[in-house]
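Listed next: structures, encoded as structure tokens.
Consider the two complexes below, in which chain A is the common component and chain B and chain C are the respective partners.
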Partner chain A sequence: MNLSVELEAREDVPAWLVYGTPVFTVVGALALSAVALVALSVNPIAAYGTMFVETLTNPFGLRQTATRTVPLVLTGLAVYLPLRAGLWNVGAEGQLYMGAVVGTWIGVNVSLPMVALIPLAILGAGVAGGLWAGIPAYLRAKWDVNEIITTLLLTFVAVQIASYLVRGPMQGGLGNIPGSAELLDAAKYPTIPVLEVHAGFLVALLAVAATAILVARTRMGFEVTFVGSNPLAAAQAGMSTFRVYLFVFLVGGAFAGIGGFSEISGVQGRLRPAFSPDYGFTAIPIALLGRNGAVRVLLAAVFFAVLFVGGSRLEVSYGVPAALVDVIQALVILCLITAEFFKRYSVDVELAAESAPADGEPGGAA
Partner chain B sequence: MVGFAAGLLDAAVRASTVFIFAALGEIISERGGVLNLGVEGMMLVGALGGFATTVVTGSYWLGFFAGMALGAALALIHAFLCITLKSSQVISGVMLTLLGTGLTTYFGTDWVNESIDGFPQMTLPVVGQYLVEIPVVGEALFRSTAPDFIALALVPAVWWFLFRTNLGLEVISVGEDPETADTMGVDVFKMRYLCVLLGGAFAGAAGAHLSLAFSQLWATGMVAGRGWIAVALVIFAQWRPERALVGAYLFGLLDALRLRSQGIDLALDPGAPLAGVVNPLLDLLMHPTIMATYPYIATIVVLVVTVVRFDDSRLGAPSALLEPYSRETD
Partner chain C sequence: MDEDPFLRMSGVRKEFPGVVANDDVDFSVRRGEIHGLLGENGAGKSTLMKVLYGLYDADGGSVHLGGEPLDLDSPQDAIDRGIGMVHQHFKLIPRLSVAENVVLGEREPAGPFRERRGTGGDDGSEESDSWLPDAVRRNRVARALAERFTIGLDASAAEIEALADDYGFDVDVRAPVAELDVGERQRVEILKALYRDVDLLILDEPTAVLTPTEAERLFETLRTLADSGISVIFITHKLAEATAITDRVTVLREGETVGTVETGSVDQAELARLMVGREVLFSLDKERVEPGDPVLETSGLRAEDDRGIEALSGIDLSVRAGEIVGVAGVSGNGQRELAEALAGVRDPTAGAIAVDGRDLSGEPARSFVDAGVSFVPEDRHEYGCAPELSVMHNAALKELRDDRFDDGPFLDYDELARYAEEIVEEFDVRGVHDVREIPAGDLSGGNLQKLILGRELVRDPDLLVAHQPTRGVDVGAIEFLREAILDQRAEGTGTVLISEDLDELFDLSDRLLVIYEGEIVHETTPEAADRERVGMRMTGGVEDGGAPAADADGDAADRAMTDGGGLDPDGATGPYRDAGATARGERR
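== the complex of A and B ==
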């Protein structure tokens, strides 16, 4: 008896796989996470009911979801844009922190009317996030220094810098507790009427629209996609990978930075150390789920926002640690990359009665 | 001053062990061509698993091995995804760190208040009782816990394994040029599985050392970024075990200095020239939070300087790192 597994690269992907992947991914991750719930003797169906149905059927849950979506979609775009150009931005978290630092500084120290102050703070946060992402981008574009490692390491540097600032030069208002002074009222996003969500939500939607147009309708967007699918051919066609690499990181980093300021201005009111529950890392599965378009990045961000909100609800009603959300997140990625494999290869499993011929070992992929 | 130096050295050596374990594992994995960004998660799983096993069985050795096994178990997922399914090593690694963090936070809450008798202090067997008498360095180097000595012994062992054994050369060959290695009869897939699993076991050992010998407790998120420093350390050490030892001591020393920086006063006399500029700058540079960034900055500088001044080949990165291997099917 011999189990032989044949792998064949697919030439085209069947439609059911293309559209089924996100569904399979989410259902698969939830099914696997159910094991963790059962381990703490919690009924997974009831728990997921609390997480999703209760969150999505009451106004408070919906508002919280919209609020959570803002930093998630902005950091998601920060990973998505470089990904279009074939680069990895693993450091959206650091860019988010840098944006939060500069945005907070402006929001605390500059006295201007709201119509001027908020745009100025957004600009400052965007420039800070963009420049922070610009360091690894320049190193990659100029000398081919691996951007995965530099974006990742710079994240930890950024988090520590923010932590230093709120304990030292930027500390204020809380006695000895680390944290910046409260933002001026003019620097806090107003609430959108009817929706009752802070205006950062609109900024995030604008960013999604801008990215979608940029990628699909502009020359630069075309170059980004071209460079991403074939950098050599792009270079031969006269495109500058240097320019494209810098562009995707500067714009992406700017989005992440604005996401950082939005979280401070719209939700937290002041900068604290470790204020982000790893939004910038959640951005990686978000960009992966949404890698085919900015609107899909938005949908993926909403899904993870529901997870975040539902997770804390679960903690309150069942005493289940909210860390379950981290587990689900990880499993979403796990299922996603497994599904990617089945998209790329068709797998034939045969149970052969006789052993394979001597010239090759069965199952090239072990 | 001698007392301070001895204390600092002692703390540095203690802090470096966890880096040695994790970096050696990462070197083996990357030498085989697979980047493992899941070290942080594997260390957390090793720390909690080792701790819980020790609480239940009362044996810290069992705990240590359980930690290694759990690290390897998580690494098995990485190996399956990256080697068999040819997924992106970056995504899979980040996912495993998330998974390790999530699982240990989720299941770890019940263990936070438990206490254990962890690895006791001992002198190095046979010669240690004489060597501890050496001034300043004696206590630091020769009175420690068993895992500290194991980590030290593993440095030459891994070096010898990689560069002096056939198996080690096969590891390097699949990391440099898997096609050629395959032609020469090396089973690329099996070899890469071996490397990733060994790397995971080492990361698990690093975590178990942290909870069983270094802190002797379990706290949520106790690895606190050390796994990422280990990833950086491998680049800093340019994929060589002996340099990883030097790097681990350097990063351990930074860690020890950081915790003691309030007690160090390098400030110039206020009347001295430039004191107005130098003193605030020193204050900034010696601030514990700022000092925590040095390992990352040092690694980026090493990476950039090597790539810019020489070229990629001098950096010493395995050529096939990050590339999944597909065998040509007939």
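== the complex of A and C ==
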């Protein structure tokens, strides 16, 4: 018996594969994670039932999912937009922290009515996140410094700055426990009636809509797409890659910064060190899953929010470590890469009864 | 067909979704012949060769090589059976040296493990100068490990150098491929195949990037190879090449064999008719256009290449409205830098560029675009378009900022699509059923080039910078593209035509410049030019014989004319008139 696997480069990619990729990716990741669940003696079907069905069928689970979606979709957009222009922003986490720092400072120290304070805090958080992303953007646009490295490393700087501030200058209200003072009530997102979700959810939806329109309907979006596809041809046509690179990072960073403030204002009430469960890093698979459009980024963010919420539910009900969520996330990325491979190659697996004469390796024969 | 051909492909069929690329194709090659495979882009030449080279599985038909059936699963099988292929798109690794690229997959173990070359197997090992004991060196396990885990480039480099010398290639085998220009890279590709002892060598449009002189040398090389018994398949759509070098020609059209002919028995017009299926005009209708005001003037233009080495050393150039100025030269003499500088893509290090009298030196590419400069870059896929984006995206590239695409604060995509459809219609871009859906990269070379030229011309530019606008496209498309450039000339566009195709330059240009090592070394007109002299100047030669002083004078006059920007060419180049008449006589 001889198993032969043949790879052939695809001439064109069938439509079902293009559109189905995110679905196959998610299903594949869940199927593989089932192995881990079985190893922990948990029935995967029951576990996934708890994770997804229960989370999505009770109001509390839905509210939690919506709340989690806010920072995920905003950081997701922060990765997605540069990705459209062919750049990798892997530092959305840092931009999130900078936005949270500045937004919190405004929310603690500025006395204004809510209608003015919240927009001001959002603006401040957006500017902070945008500028933080602007540093790697400028280095990349001007000097061609690899943005993957700079965005990633600046993340650690941002996290440490926040960590210092809540232990020093911004500490307050909690005695010796690191953390800022509580936000003024006027700086806390009101709850949207009926949905019972904080108003950051609306902000996130607006950001998705704005990004979708920006990319699909505007000149800037055209330029971003073109630069992302072929920067040399774009430059030749008079587009400024400098401008496009700065733009996507400034806007993306601003989204992440707003995401940071939203999490403080809508959920946590005060800035604490390490307040984010790696939202900004989860944003990378979110942007990859949703890279064909802003609305897909939203869908991917919802999926990961369900994973977060369902994962902690799983921990409670079955004693499964919450790290399983990390495992699923990682598998989503691996499956995504695998799917890219299958998009490019078609695979024929043949089971031949008769073994072909194997090439005699001189080394083996000796 | 043939009693006993070396290669016989019969009834080959290859289908892709929606297209039959090869439909019952018969093709056979004799031992030691140079066989031309002629056809327009999309005729199925490449598909047929990919089947032969093991890249595609045929859906039907059979292939026999040397009388035995050939069943290939991969190019490696093809190489093992003595088939070599030089691809049109280079398959080289830029970071590696020439030698490393050539030996990729075929490498030698490091020196001490090597047998002496030419002494034949183990017999020679007694005389080996290796410091390793023979017992170790001849041990099969040690040898196998050495073959896998060591690499000896010293011997290969010397060997490749010798090989390159044999075939008249001028390549530094230790230089990284990234530093080579297009022409040199192609030579590395050919070396790669030659290094693998092929019986059958497939060349996919090998001369597309070679200069006439280099092409001549390649032809001689191929002749030598054929005489030594190697069969050569020469894919081309250049008729002149097919008639110049091949013994026989097989013509494909729309995936089917039109026929195989002895090259001696047909002329180019007949081949063109077979290939295109209709009569092709060879003489372009070039009406007289009275040149207007200068649209482009450069003075002392200097620029560096990507490595920071000066590539342009003071170019003074003037182009008037309605005038085509041809720039001839061997690839790598500053043409790319000149084209990019004129299009505003490359910042000059010194000198000035003025378009319509306005100084644009140091301005971004956008100012050049807005000033009415159109640019057809040398490399369609790398600079000319975004292959993954739709025809619409690519068609609208240059006019994107135009008001007509405004839709309030948004971009009017419907208008963009209409604009793209107009270009597709007017410039006969085929294979586009929906401008929004078809990626530009799916178009064949000729159609993509029509799209790019259309995009540049439909704006009615003041200046067109066209770098190799017809490189690698088929006869029908070349005819179309050249006519489009001439039509635009009649509309008053000034054109800088940079090309390595002398026929093209002679047919289209009003004035002809020769660039060598970043300088304009010669100026003439097609009517007055002596091809030999132009060719010589392209390679840096000066007149052999004759008075050097007179030659220098001639050049001085030429320069003066460049500066003046448009004296009556006939007057200025009077002395060369006689030679020009002879040259015209030689041209068909």
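Definition applied: the second predicted complex is superposed on the first by the 336 of 366 C-alpha atoms of A that agree within 3 Å, B and C clash if a C-alpha of one lies under 4 Å from a C-alpha of the other, contacts with A are read in each partner's own complex, and residues count from 1 in each chain.
As a working rule, a contact is a pair of C-beta atoms (placed from the backbone, for glycine too) under 8 Å apart; a residue touches a chain by one contact, two chains touch by 3 or more.
Here the structure is a predicted model, which is why all the values come from computation and not from measurement.
S.K.: Kindly classify A:161 by the partners it touches after superposition: chain B alone (first), chain C alone (second), both, or neither?
M.R.: A:161 contacts chain B only, not chain C.
S.K.: Contacts for A:153 in the overlay, against chain B (first) and chain C (second): which applies, first, second, both or neither?
M.R.: first
S.K.: In the superposed arrangement, does A:113 touch chain B (first), chain C (second), both or neither?
M.R.: Neither chain B nor chain C is touched by A:113.
S.K.: Once the structures are superposed on A, label A:338 by its partner contacts, choosing first (chain B), second (chain C), both or neither.
M.R.: first
S.K.: Where does A:323 make contact in the superposed view: on chain B (first), on chain C (second), on both, or on neither?
M.R.: Touch status of A:323: first partner only.
S.K.: Quick one: classify A:193 as touching chain B (first), chain C (second), both or neither.
M.R.: Neither chain B nor chain C is touched by A:193.
S.K.: Mind telling me which of the two, chain B or chain C, contacts the most residues of chain A?
M.R.: It is B that touches the greater number of chain A residues.
S.K.: Check chain A for residues that touch chain B in one structure and chain C in the other, and list them.
M.R.: Touching chain B in the first complex and chain C in the second, residues 6, 8, 364-366 of chain A appear in both lists.
S.K.: Over in the complex, which chain B residues touch chain A? Could you list them?
M.R.: For chain B paired with chain A, touching residues are 37, 77, 81, 83-88, 90-92, 94-96, 98-99, 101-103, 105-107, 109, 189-190, 193, 225, 228, 231-232, 235, 287, 289-290, 292-293, 296-297, 299-300, 303-304, 307-308, 312, 326-327, 329-330.
S.K.: Please name which positions on chain A make contact with chain C in the complex.
M.R.: 6, 8, 11-12, 213, 217-219, 221-223, 225-226, 229-230, 232-240, 361-366
S.K.: Spell out the part of chain C that touches chain A in their complex, as residue ranges.
M.R.: Going through chain C, the ones touching chain A are 16-17, 57, 73, 139-141, 143-145, 148, 343-345, 364-370, 375, 377, 382-389, 393, 396-398, 400-401, 405, 409-411, 413, 442.
S.K.: State the interface residues of chain A toward chain B in the complex, per the touch definition above.
M.R.: Residue positions touching the partner: 6-8, 36, 39, 88, 90, 139, 143-146, 148-150, 152-154, 156-157, 160-161, 163-164, 167-168, 281, 284-285, 288, 321, 323-331, 333-334, 337-338, 340-341, 344, 359-360, 364-366.
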